[in-house]
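Following this message is one structure expressed as structure tokens.
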Amino acid sequence: MNFLSIFVLVPALMMMGLYVSKTRKQIQFVTATGASILMILSGVITYMYLSERAAGNMAEMLFTADTVWYAPFNIHYSVGIDGISVAMLLLTSIIVFTGVFASWKIDPLPKEFFLWYCLLSIGVYGFFISTDMFTMFMYYEIALIPMYLLIGVWGSGRKEYGAMKLTLMLMGGSALLLVGILGIYYQSGATSMNILEIAKTTIPIQAQYYLFPLTFMGFGVLGAMFPFHTWSPDGHASAPTAVSMLHAGVLMKLGGYGCFRVAIYLMPQAAHEMSWIFLVLTGISVVYGAFSAIVQTDLKYINAYSSVSHCGLVLFAILMLNQTAMTGAILQMLSHGLMTALFFALIGMIYGRTHTRLITEMSGLMKVLPFLGVSYVIAGLASLGLPSLSGFVAEMTIFVGSFQETDTFHRVLTIVACTSIVITAVYILRVVGKILFGVIQDEHHKHLTDATWFERLSVVTLIIAIFALGSAPFWISNMIGESVLPVVTQLAK
Amino acid sequence: MQYTLLIVLLPLISFIFLGLMDSKLKPKVAGIIGTSVLGIITALSYTAAFEYFTMHKIAGVYERLIPLHIEWVRFTEFLHIDLGILLDPISIMMLVVITTVSFMVNLYSTSYMHGEKGFQRYFAFLSLFTFSMLGLVIATNIFQMYIFWELVGVSSYLLIGFYYTKPSAVAAAKKAFIVTRFADLGFLVGILFLSFYTKTFDFGILTSGNPNVFASTVGVSFMGLSVMSWAMGLIFIGGAGKSAMFPLQIWLPDAMEGPTPVSALIHAATMVVAGVYLVARLFPVYEVYAPDVLHGIAYIGAFTSLFAAVIACVQTDIKRVLAFSTISQIGFMMVGLGVSGYGAHEGLGYMASMFHLFTHAMFKALLFLGAGSVIHAVHSNEMKDMGGLRKYMPITNYTFLIACLAIAGIYPFSGFFSKDEILAATFEFSPYLGGVMSIIAGLTAFYMFRLYYSIFWGKGHKHAHDHTPHESPLAMSIPLIFLAVVTIFAGFIPFGHFVTSDLANYDIHLDMTVAVMSVSIAIFSIGIATLMYRKESKIPNIMGKTFSHLHKSASNRFYIDEVYIFITKKIIFKNISTPIAWFDKHIIDATMDGFAGVTQWTSVKIKGFQSGQVQQYAYIFLLGTLIIAALVLFV
Amino acid sequence: MAEQIIFYILAALIAVFSVLAVTSKQIIRSATYLLFVLLGTAGLYLLLGYHYLFAVQIAVYAGGVMVLFIFAILLTNRPGENVKAERKDRRIAAGITSVAGLAFCGHIIYWNVNKAYTLLVPAEQKVQDIGLKLMGTEKYQYLLPFEFISVLLLACIVGAIMIARKR
Amino acid sequence: MGDLFSNFLTGSVPIEAYLGVSLIMFFAGVYGFLSRKSLLMILVSIELMLNAADINFVVFNRYLYPGQMEGFFFTLFGIAIAACETAVAIAIIINIYRNLTSVEVGEIDEMKE
Amino acid sequence: MDYSSFLQMREEFSLLVVMVILLVYDIFATEKALKQFQTVALSLFTLHTLLNCVPREAFAVAGGMFQYVPMQTYIKTILNIGTLIVLLQAHKYLDEDANRVKRGEFYFLTLSTLLGMYFMISSGNFLMFFIGLETASIPMATLVAFDKYNKKAAEAGAKYILSAVFASSISVFGISLIYGSTGTLYFNDIATVFTGTPLQLMAFVFFSVGLFFKISLVPFHLWTPDVYEGSQTNITSYLSVISKGAAVFVLFTLLVKVFPKIISDWQPILYGLAVLSITVANVFAIRQQNLKRFLAFSSISQAGYILLAIISGTALGMASLVYFVLVYMFSNLAAFGVLSVIEQRTSKVQMNDYNGLYQTNPKLSFVMMLALFSLAGIPPFAGFFSKFFIFSAAAQQGFYVLVFIALLNTIISLYYYLLVIKAMFLNTNEQPIETITSDIPVKISLVFCTIGILFVGLVSTFYDQIAVFSFGM
């Protein structure tokens, strides 16, 4: 236990605080305080990380700590962060923070909602600070289950179906994953489940041939890789706002992060030889998700398919196995996390007012909801990769990186993936055109009120983050770039 | 020349300020802020231009100045996006053009857009556009250009869709964005190709003429074509999209849904020439490493030019006429670049193209602003609602006429000079192409005067609805007059002293044969137009009937839009997306649900085993035992 | 010789009554056949020289268990009423399975059982020996199970009474 | 008596014969268990099965491992256990009869699936 | 004859003393004194549990018929704790007028089956083992039929006794063949001569189905749901946890200690049974509406998971198994505890009845949810750890495919556990179960279970303690 664990402890303390709080005021106080503390902490950790690096500490992971947990299985509670984790922690904090405000007036059962919400964030934070496969897996699963209740109780639409589907499919992913993890541990002959330790060993290539697909698919399910993505539309569509935000914004990143940390890092040979299979699949995801999004009429479905496309790009880039593309992948995680959270927040807010998510039933909302409308446009622009917003940097890094692979196969796939930016434009503009522009058709929509202060706070925070990432990507890009290096080195072996 | 940074930065600040304050500001204040910022940067760019062109030249060649340069994102060891300012003759020229037109448009808009809802927003967007466009032209590297390229696209989207409650405007904005976005895909992939082999984004390195930069491209081919052809061809697609080259021109006519000053600024003077600028920027690369692509550009330019000119002849919406005219003129510029070689005389086409870009920006802006003035007066875009306006709007009338003469290529208006150079270069490249271009020049003169006469001549009875049209206020007239003056005199600028393909001085000599021929064609065409449109006449109708097929096709813009609609609605939406969505729902998702279904089904099917009969339990028990024993023993 | 004859008679008796016990229509007959089988088994024990076991078998089974059976039958059976005929398919299935099981086990046992037995010194089972072994704590002595089974018996009595009594 | 019988033990009945008898008894019991309708008859069948196992123990002990009396004792205890089982089973069957006024096995299938 | 060595069997004696005291107390105490019967019984049993929870040196009694290794203390303590929890949960039930008269029997029978399990666990000889097995199952039948005027209970009792006796006759037939082919009943001796001749293999299979029956593995499980449904809920929980827990432990011990030489034969058997048990039980569980049947199928599938620990046959597997049993005990008893509270107050056991339970009984639903999540193997609850360890133990021996199948089944199991959770938290109900105030003993038991579910996983001490002695096997 070192101070990194505070990221897990704070939500746990929040849970305790929530448990004793009685009124809505108290609940709000607890969650807001906790979320703010987490924000500050992640800022602090970023600063500490950067200054440590600047001081010349070139260890692969910083602030590591290692406590033996289950000695017979060599399970340790080991934590540590590199640039990627730092980036992810930042992302998580931002989204947890904004999620709290996006569900400021959640009803019914606010206490329970935030209890689960905190548990969810424990899982996410824990995942990003862990370096031990067991701990990682544990946190991963912790993050899965609250989803069911969060969606099931506070969701909308076909929530029970969506919740069940999401939970079961992700559980399926974790089934693949667990076999993979056990396989890696035993086949590597390592004396620890710590990733860094295992990386020092070599897993026999025969074992890699089945472990790599297992782990990659396992994480890939969470990363909404084709054809295991169908939980995403149904799940996101029925989830309450904050949950969609956290799930699409952070949880889906667990997939990419895991693929990167476990599948690629530990099994470089298999990654080299088998990446083409998954490249094809993720390539399909990218284009397929985008095309699917075009014809959807439900805002959340559109965004969910868009997430399929964008997260597909993350995995796609990871599989390119070079530093630039991988950096791009991580950037894309950040970027997608922020903007999809923004999207879901806005969709939730719009839905809260219009009580519909069908784009056919809305129009001209810009007039009555200027703040939300403008924010939606910004989110859309971020999504279609407008320079100065986060999406651009990420996508460009990915494309430039992917193009470093010289053979025709990679080239063609890269170009195919590039087309997604056009398709993205198509569906984003379609939505924006339909719901925000034009004349208001529905009488009820004429008297809608624009965002409240807490909604504004949530939205503005996200927008600022998107702008910050898009306009000043260099420091974070460098931070990630150097943290990707160990993996690249591993691949070069 | 550090202060050039201000030229870019001030509009950005203005945008952010106006955008955040939005309706908290009084409209008037917003207009003043926007316009004055533009005024300041216009002054700054003039200063910069003056300073630059009077600077000491090294060996007779203008120096490339890079007053600012920072690394923004690093991709690989070699590839990094930098943000910087590159000053060389063409960028300086573009600075001047953009700031001038922009300033004029801002000034014009304070009056034109008076009372519109979202006035502040309008000025914010204008600032954003100016910022992006300036950023584009001063880009030091191709990726920076791409960045601003995209921003320009978005500002264009926002401005076209300014009247967001109007469905047609929204659709037009969407279309413009998506079409150019599609082209940008080519641009992007082109950049990827180019940068991968040259290991740089930097214009300075790319255009330095150092063969080592391109060493690794030699002999490398990708799917049959050499990589440089791929790279430069794809990059050109990006340019073609922004510059509305065939077949990507479709967005531009629709873009006229935006406010007219916006059309003047973006869709006449600045953004649409970005493609030309792009090709010009990379001209040395095209010239040396992808001459085939360069020639292709010439032919595409020529075809587009002809195509658009024909359509322009039959359009009835005045802004659309101007839009097609713009397409046609950009085609000219492209031809100019396409036929050009590198170096002094060889580079005539390049120089001419840039020159035409400059003059065209002025007179086309003038035309649009004039049209705006007319529309302001009659509240309609359709020619049939106009006529006889010369009595009511003298300033508009004269300035419009000047612009028409300029675009028709009548001496001594600026259009004559620039167009003439292009024709001369084209004839040198290929007489056939030259001939075609001359015909187009004739068509240009024809349709411009058709337009002119339809608006200002003929009977004025059609617009007697609520009020008689009157001349526009001062804020609108001043830009008209200013631009008219520029249009008249710009032709005498010794352009070859400033902008050439090799940055060295070049003196333009008029090629008299070409000049005479083109002027006579123009006059002839104007004559026909006068005949047909000065007064109410049956000839157009007869002509229309005679060539009904052609007329109809041209009126319908040769059905290219229909083809696009077919592709988007039928192919993409109906035959790709809908099936994919269906597939997703009924195959992929159904498979996942199917697992659950099969499990449930099995569950129902095997419930008989749990019959409640203890003897059956024992039976299964015994069977289990025997089977296990048998398996253990015999397998 | 005589031993063989006796054995085969007993064997036939046991086999026949076993089958009859499980096929008889009348439950009381069934119980009676069972009694014969048990007695035949006791005979086998005697034949093998385990007199004590012979005694126990008769005392516990014939004396105890059978009485229980008879009581139960009389308690639950209305006089003259035969058990309904079993379902034929079930009987056939059970028959086939049993025969198959019999063949299977018979096959395995016949071919694998250790036949190198060294018969057969007449082993006089002294009851004292049995008693000593039952009271011993060494290996092959059985005090512990002897004590333990008393707990079982007690528990069974308690349980059976608990179930059988009225309250 | 003892002497009389032991005198007969001069010839040799093969071990398989004993085992055969016990097997027949066992599978007769199995058959009964699987096919009889009355709970009491099922109980009868069980007695057969248990008894068959007891015979096995005794035979093995006598023929193969005469040195120790493990089989003997197992049978001894086995008989006791069988008695316990029977007692409890009969109590439960009577309880069934009390509840259902029937001891047919087909009656006790209320809970299923 | 040195009877003093018997005194080493402290657990057994201590339990026997408790039983005898209670029996005597029940018979001879006055009406007034009897009011305190349960308190006395529970205190005595708690005392017994506490006194016997420290492992000792290994020893053997009665010439090896009784063999003690320290690990047994753990499993016995787990069984003790489980029994204690069950007794606490049954407190209310036994205080009812109709049952008060039978409670002495209840305690005596429960404890005697427990004693049977003790002996079964510690036995070093098939005779002892068999008696232990029977002691653990015959009185159990009377417990199952405890609610004797309840038709379902009577039916369950009959089914249980018939099935149990059928199983044990096959098993004892198997033992006879083992004896016939090895000449001994002592575990230690058998281990050296049991080499896997066909007869031995057949004997082994016949014998082991008796245990499979007790663990209720598919296809020897069919009695389980019916019996679980019919018997009184506390008995069901006792049956599903204690009885099963003892049996799996014994199975492991036997396989490793007595039949190590035929590991290549029993591993495939267990493999097949594990796959069958997990899958079939899960598939059946999906559509159960009665929660007791539901938990029955769930416990069958849990038993399948346990086989993954057994199949490894390693010390790691042993420790994981005991740990699994511990966690399983807490989880299952918590679920059954909630179930029994609700059943006793409202006699509602259908899943539909649980709709909207959270509205009226948040705490009970919360405990139920924890229990189900733990059973499903969701972190941070203990079930996750126990499952992970079991999978890990199996994977260590290379059973990746098996682990994978088991994991796929966790998806199905998660599905049906979520169905209950859905009923409690998501569904609404016109007539929800009214708010219930539990009595103190139940509260204690549920709190205890909750603590167990929450901390047994996160705190590694428990596992470490168990693991210390797993090598003593």
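We call the chains A, B, C, D and E, going by the order they appear; numbering starts again at 1 in every chain.
Note that contacts are C-beta pairs under 8 Å (C-beta built on N, C-alpha and C of every residue); 3 or more make two chains touch, one makes a residue touch a chain.
Everything quoted here is computed from the prediction, not taken from an experiment.
Steps from chain A to chain E, minimised over paths through touching chains, total 1. The set of chains in contact with chain B as well as chain D comprises C, E.
The greatest centre-to-centre gap from chain A, using C-alpha centroids, is found for C.
Of all chains, C has its CA centroid at the greatest distance from the CA centroid of chain B. Chain C has its Cα centroid 70 Å from the Cα centroid of chain A. Inter-chain centre distance (chain A to chain D, centres taken as mean C-alpha positions): 67 Å. Each chain gets a centre from the mean of its Cα atoms; for chain B and chain C, those two points are 102 Å apart. For the pair chain B and chain E, the distance between C-alpha centroids works out to 77 Å. Within chain C, residues 90, 93-94, 97, 101, 105, 108-109, 113-114, 140, 142, 145, 149, 152, 156, 159-160, 163 each touch two or more of the remaining chains. Shared interface positions of chain B, defined as residues touching 2 or more other chains, are 596, 607, 610, 612, 614-615, 618-619, 622-623, 629, 633. Residue positions 127, 131, 134, 138-139, 141-142, 145, 148, 157-159, 162, 166, 170, 177, 180, 198, 202, 225-226, 415 of chain E are each in touch with at least two other chains.
This structure has the following touching chain pairs: A-B, A-E, B-C, B-D, B-E, C-D, C-E, D-E. Considering their complex, residues 1-3, 5-6, 16, 19, 23, 61-66, 101-102, 105, 108-109, 112-113, 115-116, 119, 125, 127-128, 131-132, 134-135, 138-139, 141-143, 145-146, 148, 157, 177, 180-181, 186, 197-199, 202 of chain E touch chain C. For chain B in complex with chain C, the touching residues are 615, 619, 622-623, 626, 629-630, 633. Only residues 69-73, 134, 137-139, 141-142, 144-145, 148-149, 152-153, 159-160, 164, 167-168, 171-172, 174-176, 178-179, 182-183, 185-186 of chain A touch chain E when the two sit together in their complex. Across the complex, chain D is touched by residues 1-4, 6-8, 10-11, 14-15, 18-19, 21-23, 27, 30-31, 34, 37-38, 41, 44-53, 56-57, 60-61, 64-65, 68-69, 71-73, 75-77, 83-86, 90-91, 93-95, 97-99, 101-102, 105-106, 109-110, 113-115, 117, 119-125, 130, 133-134, 140, 142, 145, 149, 152-153, 156-157, 159-161, 163-164 of chain C.
Contact residues of chain B toward chain A in the complex are 71-76, 79, 81, 143, 146-148, 150-151, 154, 157, 161, 164-165, 167, 170-171, 173-174, 177-178, 181-182, 184-185, 188-189, 192-193, 195-196, 222-223, 572-573, 576-578, 580-581, 584, 588-589, 591-593, 596.
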